[in-house]
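For reference, the structure is listed below as structure tokens.
Naming follows writing order (A, B and C), and every chain is counted from residue 1.
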Amino acid sequence: MRDLASTLRLIDWTGWLGAGIVVIMVCAAIFAPLIAPYDPVALSIEDRLLPPDMVHWLGTDQAGRDVLSRIIFGARASLAVGIGAVVIGALIGVSAGLFAAYKGGLGDQIVMRIVDGVASIPLLVWAIAIVGILGVGPVRVGPLMLPNEIKIVLLVGVLFSPVFARVTYAVASRVVGADYVRARWLQGATHWDIVTGDILPNCLSPIIVQGTLLVAIGIVVEASVSFVGLGVQPPQASWGSMLSDARSAIYSGEWWLPVFPGLAISITVIGFNLLGDAVRELFDPRSEARTLVA
Amino acid sequence: MLRLVAGRIVSSLGTLLFVGFALFALTRAGPGSPARIVLGADATAAQLAQFEQANGLDRAFLTQYGAWLSDILRGDFGRSFVTGRDVGTEIVNSLPVTLSIVLFAFAIALVFGVGIGIAAALRPGGVFDRGARLLSVLGLSVPAFWLGIVLIRFIAVDLRWLPPGGYAPLSAGLSAHLQTILMPSVSLAVYYIAVLARMTQASLQETLRGDYVRTARAMGLSSPRVVAYALINALPPVVNLAALSFGYMFGWALIIEQVFNVPGLSRALLNAISQRDFLLLQGIVFLFTVIFVLANLTADIVNRVLDPRQRVAA
Amino acid sequence: MSAPLLSIEGLRVGFRNASGGLVEAVRGIDFSVEPGEAVGVVGESGSGKSLSMLAVMRLLGSPARTTGGRVMFDGRDLLSIDEARMRAIRGRDIAMVFQDPQSSLNPALTIGRQITDVVRAHRRVSGTEARRIAAETLERVGIRDAGKRLDAYPHEFSGGMRQRALIAMAIACRPRLLIADEPTTALDVTVQAQIVDLIAELRRDLGIAVIFISHNLQLVAEIVDRVVVMYGGKVVEDGPVEAIEREPRHPYTGLLQACVPSLTGPVGPLVTIEGSPPRLGRMPQGCPFSPRCPRAESRCETQMPPLVVDFDQRFACWRPL
């Protein structure tokens, strides 16, 4: 195992740039109420459509709301969906991969065929259609009222899970049959020991790499679903719905309305992509091409 | 070979059966039964029951699914409870719009993505290599619908080169048609240009290092021929990714059609959602899924044809 | 005396290392090949034998490059002609086959396609004519039913047949020189002998000169006229095969010869050469073999011995056998 300092030295500047962007965006999302200069949903008729200046750095929208504050709060929806979907996908996928590799036989066949089936679902079409048909209202879970985004997180998470299932399955089925694992059984190792000691460490690096790149895809999916009005509901801010509202400004010339939310999406996605590439370079420099596509 | 292809087709059909079921179940999980949606809040229980019986909605869930699926196999997507229109006709009316945007975008992505990837692989450190690296960062990060908005602003509003939106069918003339689909297709293609360029470059760089490439050079084959030797072995992963991309493009096309105000499947789907028109929604989503599965199947078969080792393995 | 077919003069090959310095792997070698002659180039891996032949073919891949010398062929220096001329020479006048027939054939194309591509790269012939030549050449290298086998893919061939197919590609245009880089190393022992016999037979019947690169002196000795022994990027000994076998002068050659147990000779202790070849960039100042040489004295470590000519044999050693 390389020591931490020499490992970090292997990351080039693009990796650090990506990490920096991700950290800033995550902080913006978490500390949004502390950072944002204005209330993101406060309407103000006299402040409508102000261009960027020293008071409103990124201008105001048709309802007089501060664009910068809305972008900072919008980071919450984007990152919550992106990261949430990846976490859900990893949980489902890793469990499915482990189960199939361990169980073998018919169980293996059934689980991995289901994984194939889920993998052959076109992500965005289903996200739009299913959320659309289930409705955009909040979901009640016991005493909790969860916002509409939870549906997107769950759905996208399920559709992300085949990536994780296949990675885990590949590693796990190799490890399960290995001689040294058989030797460890004989020494009295438990399933838990094998899973945490032999399987997870081996698939951790591809899971982290794919997960980071999938967050980027998740962010764009959230923005797209919100863009067609099926994601974050007004007046809450989301980068996708801000872009949707900005469509009328294309003609009237309030350039700051479409430009800044778009930049927020692009910069965040660049951040996760650069970070993912750097992590892959670190763990698995041989796998050159990104095979993820959405 | 034949048996292998047949096996893949059967498993694709199995996948569609399973995925179609999930779709059918999810659309029925929404609030309000179809009868309630059509007849409104004041309908009596008797009216609801009569509607359900008339439309076969009182049958067992699996029976309904089976009937829906077997009708689709015969080309019958059903008649909407909400609008009374034939779902198949609705789809046939809007499909050509989406299809022409996606096909054009796919062609652009294929030509530029593979072309840039090859150029970048042949000259490491050259203009295309550096350009491809920049493209793969930017192209993967700029959402297509934002790119569309920016294009409308510059090309249509400021420069007035192209109309900002709308759609002219091919029957209105090739030039008018291309003018309306050019910007949507380019917006859609950019991401896939980046994806394909990256994969082509990586794959070709790998095969160019192959011993058989050195052999070809040692036998005095011309440079284009030598590159062709490497390329034919570099193609399978690219074909695979291209097919996947083709399937995914339909999804992003939905958003792009909204940006450019194009009357394609996107409008039909969003209408179906707002009117809670289950049958139309199921029909459209199922069609997209079939396209996606077919794209994957095609990739699989093409890969087997390209790789003679797999061709005989069966 | 007529001009040699190929004459390598002071050839040097180097790598640019990470710190920008030049590391030489081939450090000035000279030898020549007469028309129709078979020459064996023998040495351990890292001796520079393969690199120098790739340099002759101008097939060095980055970061290796030729840093000096001349390669005269047909009165022209191959190192200074333009790439188009060089490409016309490759395959037509000089052809090269490589070690691993498994990876050296294109897995996606039929054997016939790969041979006809070579034919059509150098001769203006029709498709059917190229195919006829391909079938004939495949027959020539000992593949039965060649007409049908043209449509086979490499993976349908055995290792030995693949190497025959590669040789067919190489001789399809009847080159005057065939460079075979360890053509038998990746093959079964029984198949090795067949391939060696095939190369000997082609040389005899078609008059093709051969450079046979190997780490195995005994194997090469069966079919070549002359042996060039390389060590540490230098030619350390060179002479007629009988002289080298009977009376090796360089201690390294002597040890190489003793390394492989003879099946017919008296049973003696198995000899191995102690130590390992020098690493690139860590070349001793004097004779490269001095650190491993049982006869080395202080002069050997500091001064490079010159190549001395003794009748038809040349060697570079201060304390020859």
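Here are a few things to note about the model shown:
Keep in mind that, in the parts below, a residue touches a chain if its C-beta (ideal position, glycine included) is under 8 Å from a C-beta of that chain, and two chains touch if they have at least 3 such contacts.
What you are looking at is a predicted structure, and each value in this text was computed from that prediction instead of being measured.
Within the contact network of the assembly, the step distance from subunit A to subunit C comes to 2. Among the other chains, the CA centroid farthest from that of subunit A is the one of C. Centre-to-centre separation between subunit A and subunit C, using Cα means, comes to 56 Å.
One inter-chain figure worth recording: subunit A and subunit B are separated by 22 Å, centre to centre, where each centre is the mean of the chain's CA atoms. If each chain is reduced to the centroid of its CA atoms, subunit B and subunit C end up 54 Å from each other.
Not a single residue position of subunit A touches two or more of the other chains.
Considering their complex, residues 57, 59, 61, 87-92, 95-98, 100, 103-109, 117-118, 121-122, 153, 155-156, 166, 169-170 of subunit C touch subunit B. Of all residues in subunit A, those touching subunit B in their complex are 14, 113-114, 116-117, 120-126, 128-130, 132-135, 216, 220, 223-224, 227-228, 230, 243, 246-247, 250-251, 255, 258, 262, 265-267, 269-270, 273-274, 288-291, 293-294. Per the touch definition, subunit B reaches subunit C in the complex via residues 209-212, 214-223, 225, 229, 232-233, 306-309, 312. Interface residues of subunit B, counted against subunit A in their complex, comprise 11-12, 14-15, 18-19, 22-23, 26-27, 29-31, 137-138, 140-143, 145-146, 149-150, 152-153, 157, 164, 192, 195, 198-199, 202-203, 205-206, 237, 241, 244-245, 247-248, 250-252, 254-255, 258-259, 269-270, 272-273, 276, 278, 281, 284-285, 288-289, 291-293, 296.
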